[in-house]
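Across the two complexes that follow, subunit A remains constant while its partner is subunit B and subsequently subunit C.
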Partner chain A sequence: MSVSEKPRFIAQESLIGTRVTKMDAPEKIEGKTRYIHDISLPGQLHAKILRSGRVHARILSIDTRAARALPGVHAVITAADVPDQRPIGVVRDHLPLKGDRVRSLRDEIAAVAADTEEIAAQALSLIEVEYEDLPLLANPEDSQKPGAPVLHDDHPDNVAMRFEYSHGDVRAGEAESDVVLEDTFKLHYVTHCCMGVSGIIVEFDASGSLLMYSNTQVPFLHKREFADYLGMDPSRVRIIQPPIGGGFGSKLDIYPFEVICVFLARAAKRPVKLLFTREEEFLASPTRQPVLLTLRSGCKKDGTLTFRQVHTLHDNGAYTSWGATTPFVMMQTFSSLYRVPHCDYHTVAVYTNNPYAGSFRGYGNLQATFAIEQHMDMMAEAIGMEPLEFRLKNAQDAGEVTGQGMSFKSCGFKECLTTAAARSDYSRKRRENLEQRQSGGPVKRGIGMASMLHVGGGAKIYPSDGCGTILKLDDFAHVTLITGASEIGQGSETVLSQLVCEELGLPMSAVTVVNNDTAITPWDVGVHASRTTFIAGNSAIGAAKKAKVKILAAAAKKLECAEADLDLRGGWVIRAASGEALLDLPRLLRSLHFSDKAELVMTTFYYEPPSVHQDKAFKGDVSAAYAWATQVVEVEVDTETGIVRMNRVTAAHDVGRVLNRLGIEGQIEGGVVMGQGYALTENLLVEMGVMKNPNFRDYKLVTAPEIPEMDISFIESMDGEGPQGAKGVGEAPAICVAAATANAIYNATGVRMFDLPFTPERVYRALAGKSEKLCWKPE
Partner chain B sequence: MTEIERYYAPASLEQAVDCLQEAGGVTVLAGGTDLMPQKNAGRLKPQRTLMNIRGIAELRGVELSGGEIRIGALTTITDLLENPLVRQHLPQLIEACNHFASDQIRNVATLGGNICNASPAGDTLVPLLVLDARVDLVSRPEGRMLRRGLPVAEFFVGPGKTRKAPTELLAGVTIPLPPENYLGRFFKFGTRPALDIATISIGFGGILEGGVLSRVRVAFGAVAATPVRASHTEAALEGRPLTEATIAAAAAAARDEVTPIDDVRASAWYRKELIHNMTKRILDHVAHA
Partner chain C sequence: MSLMHDIDFTLNGVRRRATVRVDMSALDMLRETIGLTGTKYGCGEGECGACTIQVDGVSLNSCLMFAVDCHGRQVVTIEGLGADEASTRASALRDAFVEHGAVQCGFCTPGMMMQASHLLDRHPHADAESIKRGIEGNLCRCTGYKKIVDAIVAVGEGIAP
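Our next item is the complex of A and B:
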C-alpha cells in the first residue's frame, strides 16, 4: 500500500456481503492463466498410457520390444518392470499397472515416455498384448447371484463396502403409519467434465526429492500417500498445484496415471508430463455413483412422518475410490433432513466391470434427495396435504438434535421453504398446472420443489478437519496470506482475502495469496465437503486477529493510549470511537521493522472445528454447521417429443451469511446448471462395461441457451461458529434440481419417473407408458 | 496410416479437376469440419495428395439466373444465412442453417462438404431434397471439362457414399426458384438448440391454394441410410384439402415409410414416433399459416 494523504475520519465500511470480483478472473478471461498444459520442465518427456480396451480379461502376454526399439522412446513400463508397485485406493484394491488381469475398459497395461506425444502414441501402437476374455459382470444386481464372476479374489462376494445405520425402530414406525410407500429409484452415470483434463508432471530433482505438478484437490493427503507408496521420507515429496481447470470431487483420489508417471520419471531419469485426451478423460476419470435405491416411507394422516427404510446398491465399478463412501452423506439425508423418528439405512457397494465411480459434488446427496423428495410429494398427495405444508410440518428447526446425532445450531430450513415457495408462487402454479393437465395443447407446464441438507461446517472424516494459515505483513502493509486451502476455481482465495481484509481494515488490493505449494503452505485436509470457506475462513480470521492484536499493541504504545481505544480501518490506525485517523499502517509497520527491537508482523493459526468423528454406528455431530436449501423448478414438457425445458429455478439457500455476493451467486448458478445436466441431459451410456458416448457430441452438457432463469435468495441464519456467520455452500446448489424436476414433471403430466435422466426419449416412453420400470401412475 | 505426401491448393476449378484426374489418391479438403474429426478418430485415411479447394473463388457464392438459384459448393453455412436470395426464396434451407452446429463451425463448414459427406443426418440435405435441387459435378477427362447434373435424390447411396466419381468435384447445386406462394418448412429434432446432430429431421415444401395442397415435397433425415424423399407421405397430401383427416393420414404414412435404426442417440421406435408427431405438427402449422 502506498502512503496516502492523511484523511481526518474514516467511515466504517464492510467488505462482507459485497460483490467482489474473483481475484483470478481477469487473467482467466484474458487467457493468461498458465494451467498444467502450459508448463514444461527442461528436458521433459511426454507420457502415454496403453489401456486394455477389454472389459474383463486375463493378460496372456505383453510384448513391448518394438516399442522400446522406437527412436525417441526413453522408457516403456509394464507391471513386470515395476515389481515394487502396490495397490492404491481407499481399500488398496487397485494396482496401477495391471499384470495378469484387466477388470475394466480403462485398465492400464503399459506406459511410454518419449520425446514427443506423437512418438509416445506410436510406441503404444507397437505394443502387443494377448488377452483371454473372462465372463463379465456388467449388472450390479447380478453381483450377488451364485456363480457370478468374482472380480477380486479377496472379495469373493463382490462386495467392496457395506454400510448399516439405524435409529429408532422402523417396524414400530410402520405399525403406526396411515400411509406406506415403497419405490425403487435408479440413478445413472454422469461424469465431472472438468474443462481442464487430468494431468501431472513429475520430476525427481538433483537431490532425489520428488516434485509433482498436480491438479489434486488434496495436496497434503497426496503427499503422505505418495511418500508412503514410494517408501520415501514425506518431507522429500513436494506438490505444486498449477491453477486447476475444475475439480468437483474428481481429484480426491490417487489415480493410476499419477503413480505411473512417477514410475516413468524414475525409469527415464527425466521429468515426465502426462495429460489425458478428452476421450481418456471420459474413459478413465471417475463418474458419479450409479445407485439402485429402494425407499420405504410412511406417515400419519395428520402429516407426521413415521419411518424411513432404505436399501441401496451402489455400482463401484472395478475398483474402490473414496466415492464408495458416499453413504456417509446419503444416510444423513434420510435420517435428518426431516424429523423422522425411525430410520434404517443399508448400502452394499459392489464390484462390477463398469467404470470406476468416484466422488462428485454432492457426494451421494443428489441420489438420496432424488428419492426422498419424490416420496415427500407422493405422501403429501396420499394424505391430501399441500406438499409445502407437509414439508413445513416435518422440517427441522434450530436446536434439534437428530437421531443420527447431528446438532442444528443454526437452521434456516423453514425459511428456505417459505421463501422459495413464495417467490415462485409455488402453490398457485401447482394447482393451476394440475387443472390444465387434461386440457390445452401438447406442451404441459409443471412446478416442483425439493429441499436438501448438507454439511456446511466441514466434515470430520479424518482425525482432523483443520486448516492452517500463515499471515505475513510487509512494511507497506501488504499482506501475504499463506493458506493450506486449495483454489480449484471455487473462489476460495478471494473469500479468504476478504475475511483477512475485513479484520485488518485493508483493501482487497493489499493481499497476495499463496496456496499451491506443500513446501510453503500449512497443513489442510483438502477441498471437499463444502468446507473451505468455513474451515480455512475461520483459520484466516484467526491469523488476522492475532496480527491485529500485534499491530494495535504497537500503535497503542506509540500513541500512548489503550489498545481497546484503537482499531484498523482503510489502511489506518483509527480511534475506535470516532473513526479519527491516527497513524497510517504502512508507516507504523515500517517503523516496527526498522526499530532497534525490530519486529515483523507475522502470525500463524490453526483452526479445528468443534465437530466430532462419527462412532461405529455412524452417529455423531460430524460437522460444525449444516446448510439447507429449497429449490423450485418450473418446466414445460412437450408430450409429443418428451423434451423437458427448464424455464425457471427459484432457489433459497441458508448460507449462514453471504460473504462474497458475486461469488456465491456464481456458485449457486453453476451448481444449478450441474444439477440440470444430471436431471435432463447428461448420461454416460455404459453397455456391458463399454462406454458408448465418451465425447461431448453424444454426452450432452447443458449449453447456454438451455440454462433457466434463476431467482436466488439467501437466508442468513448467522451461524455462531461460521466465519462472519457463513456456512459452506459448494455442493448444495446441485443437490435438489433432479428431485424438484421429477416433481415438476409429475405436476405437468401426472407421470412419475423414478429413473434418471429425463432425456427426451426416456420421458416420451414414460408418458407413452412404454416402460413399466420408468413410470408410475397413480391409481 | 497413410502419409500425406503432397499438399495442393489450386486457384481454379480446372486445376482442381486436373489434379483429381491425374494424381489419383486425392483427399479433397473444404472446411475440414468433417474431415478433421474423421481423421483424428481414425475413421478416414488421408490419401497421398491433400487438395485444399478453398482458394477456388468461383465455387463460392449464390446467384439467380434463368429461374434457378445456383449455390457454389464452397459457400459456407454463414454465407447462406446472410444471403438475401436464400433468405427470401429458400426458407427451409435457412431454417436448417439456423440449427446447424455453432457459429464457429458455420463460419467454415461448406454446403459442398455437407453434401459430399452424405451423412443421413446432414442438415442441409433434407431441404435440398424438398427443393428439387440438382448437384453439379465436374471432371476433366482427356483435358476437356465435363459437367453432369444429378437430382440430389439420386446422389446419395448410403452413409458417406454418393454417386460422385473419384475424378469428380462437386461444383455446386442448382435449385429451381420456388413460386411466390410457396410454403417451406424444416424441423430438426435435437435435444438442444444448437450443436446437436439431428435425431430426425423433416423437410416440407408445397403450395396451398384454396385449402388444397399441390407440388408437395416431404423428406426425412436420420431415419434411413440416406436422407430420403417420402413418397407415400407426399401421396397422402398431394391434391388433397389439408384437413385433420388428411394430416392424420399423412403422419401415419410418414411413420410407416421410414426405416430408422437404434443408435446411441435414439431408438428406431422413438424416431418413428417423432416422425409421426412432428410431421403432424408441421402440417398443423401449415394448415393454420
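Our next item is the complex of A and C:
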C-alpha cells in the first residue's frame, strides 16, 4: 500500500501493555551516545580536586604558590579565593571548599583547572596543606556520649535531624499483646556505583550566563539553587543534561564538585570539565544511610498486630544530604504496610566523621522492610501461624486510610502475597525445608518472603510535585514531546511517547522527545520517588488529550459531523463507531496551518497530583497512589563455608497497570539484583572514618553468573488516578530482597541474622554462634 | 615530560598511525587522541569491562593495555564492530539487545557488546550458563543482566547450524 492510498478501515490497536523497545537503545548499542564524559567544548580546561585524606582535622595552612606557578594551570582555588561561597545541602551545613577544618576523608581543600588532566593532577601534588588532627567521631553510637567531639558548632549535640511520629497508644497496644518481640537490626553502608562516574562541564557565555552540562536528576531545583547561590537571575542559568550513566537517586542533591567547577570556570574564564575517577566516585559520592534500628512489635494469639515501636539511629556522616530525611519513607512502612493500630517511630540522625548519606533507590525503605518483615515471620512463628496467613490477616486493602493518613485507593497487596506464594510454592517448600534442616548434607535450602509499600503516585515533598508538557504536532503529524521529566536510563522517554501515541493514534516512530534542557523544557520536580511514569505520564496524556480535542474539532468542522463521532487511529481521523478512515492526519494538520486562520496544533499541560503535604506530625496522603509488592527469595546456604546462593526470586508487584512490558520487566529485574547486592555482596567498609574498599575489586557488585532465576508477576489494580491505570515502580523491586533473604536463611538454618550484608564470613560466624552482639539500646 | 612514541596499527579495519605517550592506556588513546568515545571509562583497573575492545580477535580491557602495545595489531572498537565478515552476528546482536531490552542507561553496553560478540565468535553454541560466565567481567548496574543474557542466548541459537 502506498502512503497516499487511503485505507478503508483501521483496526483498533493498543500500545498499552506491549513490549516497546527503548527509543535510545540503538544509539547506545552502537556507542554513539554522547555521555557527559564524551563531550568536549572548545577551549575547555580540565579540573581536579584536592581532598583532605584526613578524617577530622584543623587546617593550619594551605600553600598553593607552586601549583599556581605551574605552566598550563589556569586557576587554583581554595576557600580563601571564594569568599562568596556559602554552605550547601539539605540543612546548609556543607561548605564546598573547606578553609579551616575537614570533617571527612573526602573533604575538598583546593581545586585546579589546567590545560590537561595530567597538569591538573601535577598541580594538586604541588599544593601543601598542614593539618592538626582532631579527635575522631567514627561511630554514631558514640555521638551522644558526654565528651564526644562536636562536628558542627551549631549542632552541639551532634544531632542533624530528629523525627518523631506516632498514632494510637503503643502502651495500650503492648498491654493487649500476647507476643512482644524486640530486636536490633544493623544496616550497612552501600553506594550507587553508577557505571558512568560523576562529572560536570561548566561554561559562562559572553553575556555572563551560566551553562552547565550536568547529570543531575533535579534540573529545575538545581537551576534555582545555583542561581540563588551565585546571586544570579535564574533565567540566566541553563542546565543541559547529557545522557546519564546511571542515577538511582545519587544525583538528587547539589554537591561540592559542582559548585567548585562553577568557581573554576568563573576564575579561569574558560569552560571547565570535571570528571571523577572511580576511586573518587566511591569516596565522594553519597551512600545509602547506615541505620541501627530497634524494633518492638506485638500481636495477639489470633494473629492480629497490636503495636509497633521503632527507634532508629542514622549515621548522617559529616554533612547532611537527603539520607537524613529517609525517615519520611521509613515511617510509612512502619505505620502503614500492615494495619497497626498503635505505632511510634523515633529517629535521630547524628553527625560522624564518616561518608555522608544521600538518597538511594528505596530511600530508607530497604532498611525499614528488613526489620519489619523479619519480625512478621518471627511473630508468626511465635503464635504458630503460617507466615503467609499472618501477613494476609494484617495486610491492607483498598479503601483503607492508615493511621498516618495514607489513603489506599488501589491496593493489590493481598493478591501480591497470594500470587508470589503460589508461584513459588512457598508454603510447601517452607515446610519441607524446615523438615530437612536437621538432616541431609551441609547445603541447606531456604525460602523466605517479604512485602513492601512505597509511594507510587509521586510524593508531595516540594511545593509542587508536578510536571509540565509541551506537545507540538508538525505538518507531517510528527509529534515533538517536550517534557520536564528526565531520562536517566529508566525508559521514561519511551513510556511517555507510548502514552502520547495511545491518545493520538500514532506509531512510536512519530515521536521525538526533548527532555534535557531547562531553557526548553517545562518545569518538573525531578526523577525521584518513583514518580516519573505517574506524574510525567499524566502530564503527557493531558497535553495529548488537548491536542486531540483541537484536531477532532477541526476535523468535525471539515466533515460536518459531531466531534464525538470521530477518533484518531493509525495517522487518520476515523469514524469512531466503524473505524472507517475519513481524513489523512498530516493533510488535515497542513490545511489548518495553511488556512486563513492559520493554526498550529501545540498544547501545554501541567499535571499536579491530588496529594497533600504531610502536616507537622507527618500525617497526610502524600502520594496520589501507592505501590505494593511481595517477593519470595529461595536460597541455598552452605553451612560449611557460609556462602549463600540466591537461586530464585518470585516477585509479584502491584504496578497499577503494565504500560511497557519490556521496560517494567527491566526495572524489576534490575531492582531485584540491586537488592541482591545489598543483601549478599555489597559492603562499603568504613573503619575509623576511612573507606577501605573504594574500588570494584573489593566492593563486590553482583555479576551475571550470580543472578537468580526471576519469576515476575504483575498485579494490575488499575489505579483510578494513574496514567492508563499505572503506578510508579522504579524503587519497589529493590526493597524486599534483603528482608526475604534473611527469612530464607532462617528457614534454611534456624539462625536469624539481624545485620547486613550476608557475606560468607558473617553467615559462617552467625551459624557458629559467633556473631557480634549489638550494644546500642534506645533510651 | 613524558616520552612519546609513534605507532602504526589497524583500527576498525583502517590502517593508521598515532603518536602517543608511552604511559598512555589504549583507552585514553582511543577516547582522547583519536576521539572514538564509544569505549567507556568505568574503573581504570580492569574490573568493570566498560572499556572492552577486541585486539587481534581477543577481547580485553583497553584501560589495562598500553597504547604503544597496539602497534602492528588489529584493533576493533564498538564503532567498528561488525564492519568485517562477522557483521551478520554483530548486527544480530544489536537487534537482539534492542528487542530483548538489554539496555537501560547504556553505559556498560558498548563493552558488553564487544564481549558478547567475542564470546559468540569463540563459542557460537554457548548456553545461558556459559554466556553468564563469559560476561562475568562486565558490570551492569541497571538491568540485572537477565535481558543481556537473553539477548546473547537468542543470537547464539539463531546462528547455530
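To be clear about the criterion, the second predicted complex is superposed on the first by the 768 of 779 C-alpha atoms of A that agree within 3 Å, B and C clash if a C-alpha of one lies under 4 Å from a C-alpha of the other, contacts with A are read in each partner's own complex, and residues count from 1 in each chain.
Please note the rule applied: a residue touches a chain if its C-beta (ideal position, glycine included) is under 8 Å from a C-beta of that chain, and two chains touch if they have at least 3 such contacts.
Keep in mind the model is a prediction, meaning the values are calculated, not measured.
Undergrad: Quick one: classify A:E640 as touching subunit B (first), subunit C (second), both or neither.
TA: After superposition on chain A, A:E640 lies in contact with subunit B alone.
Undergrad: Touch check for A:K32: first (subunit B), second (subunit C), both, or neither?
TA: In the superposed model, A:K32 contacts subunit C only, not subunit B.
Undergrad: Touch check for A:R697: first (subunit B), second (subunit C), both, or neither?
TA: A:R697 sits against subunit B and subunit C alike.
Undergrad: A:T681 contacts which: subunit B (first), subunit C (second), both, neither?
TA: The first partner, subunit B, only.
Undergrad: Touch check for A:G358: first (subunit B), second (subunit C), both, or neither?
TA: neither
Undergrad: Would you sort A:M710 into first (subunit B), second (subunit C), both or neither based on which partner it touches?
TA: The answer is second: A:M710 touches subunit C but not subunit B.
Undergrad: Once the shared chain is lined up, is A:Y764 touching subunit B (first), subunit C (second), both, or neither of them?
TA: Only subunit B; A:Y764 stays clear of subunit C.
Undergrad: On subunit A, which partner touches more residues: subunit B or subunit C?
TA: Here the partner covering more residues of subunit A is C.
Undergrad: Touching subunit B in one complex and subunit C in the other: list those residues of subunit A.
TA: 697, 703, 705
Undergrad: Mind pulling up the subunit A residues that touch subunit C in the complex?
TA: Checking each residue of subunit A against subunit C gives 19, 21-22, 24-26, 28-35, 37-38, 192-197, 243-248, 277-278, 488-491, 662-663, 665-666, 669-674, 695-697, 701, 703-705, 707, 710.
Undergrad: Quick one: which bits of subunit B touch subunit A in the complex? Just the residue numbers, please.
TA: 189, 191-197, 264-267, 269-270, 273-274, 277-278, 281
Undergrad: Could you pull out which subunit A residues touch subunit B in their complex?
TA: It is residues 640-641, 643, 681, 685, 692-693, 697-698, 700, 702-703, 705-706, 759-761, 764-765, 768, 770 of subunit A that touch subunit B.
Undergrad: Which of the residues in subunit C end up touching subunit A in this complex?
TA: Subunit C reaches subunit A through residues 31, 36-45, 47-48, 50, 77-79, 94, 97-110, 113, 129, 131-133, 135-149.
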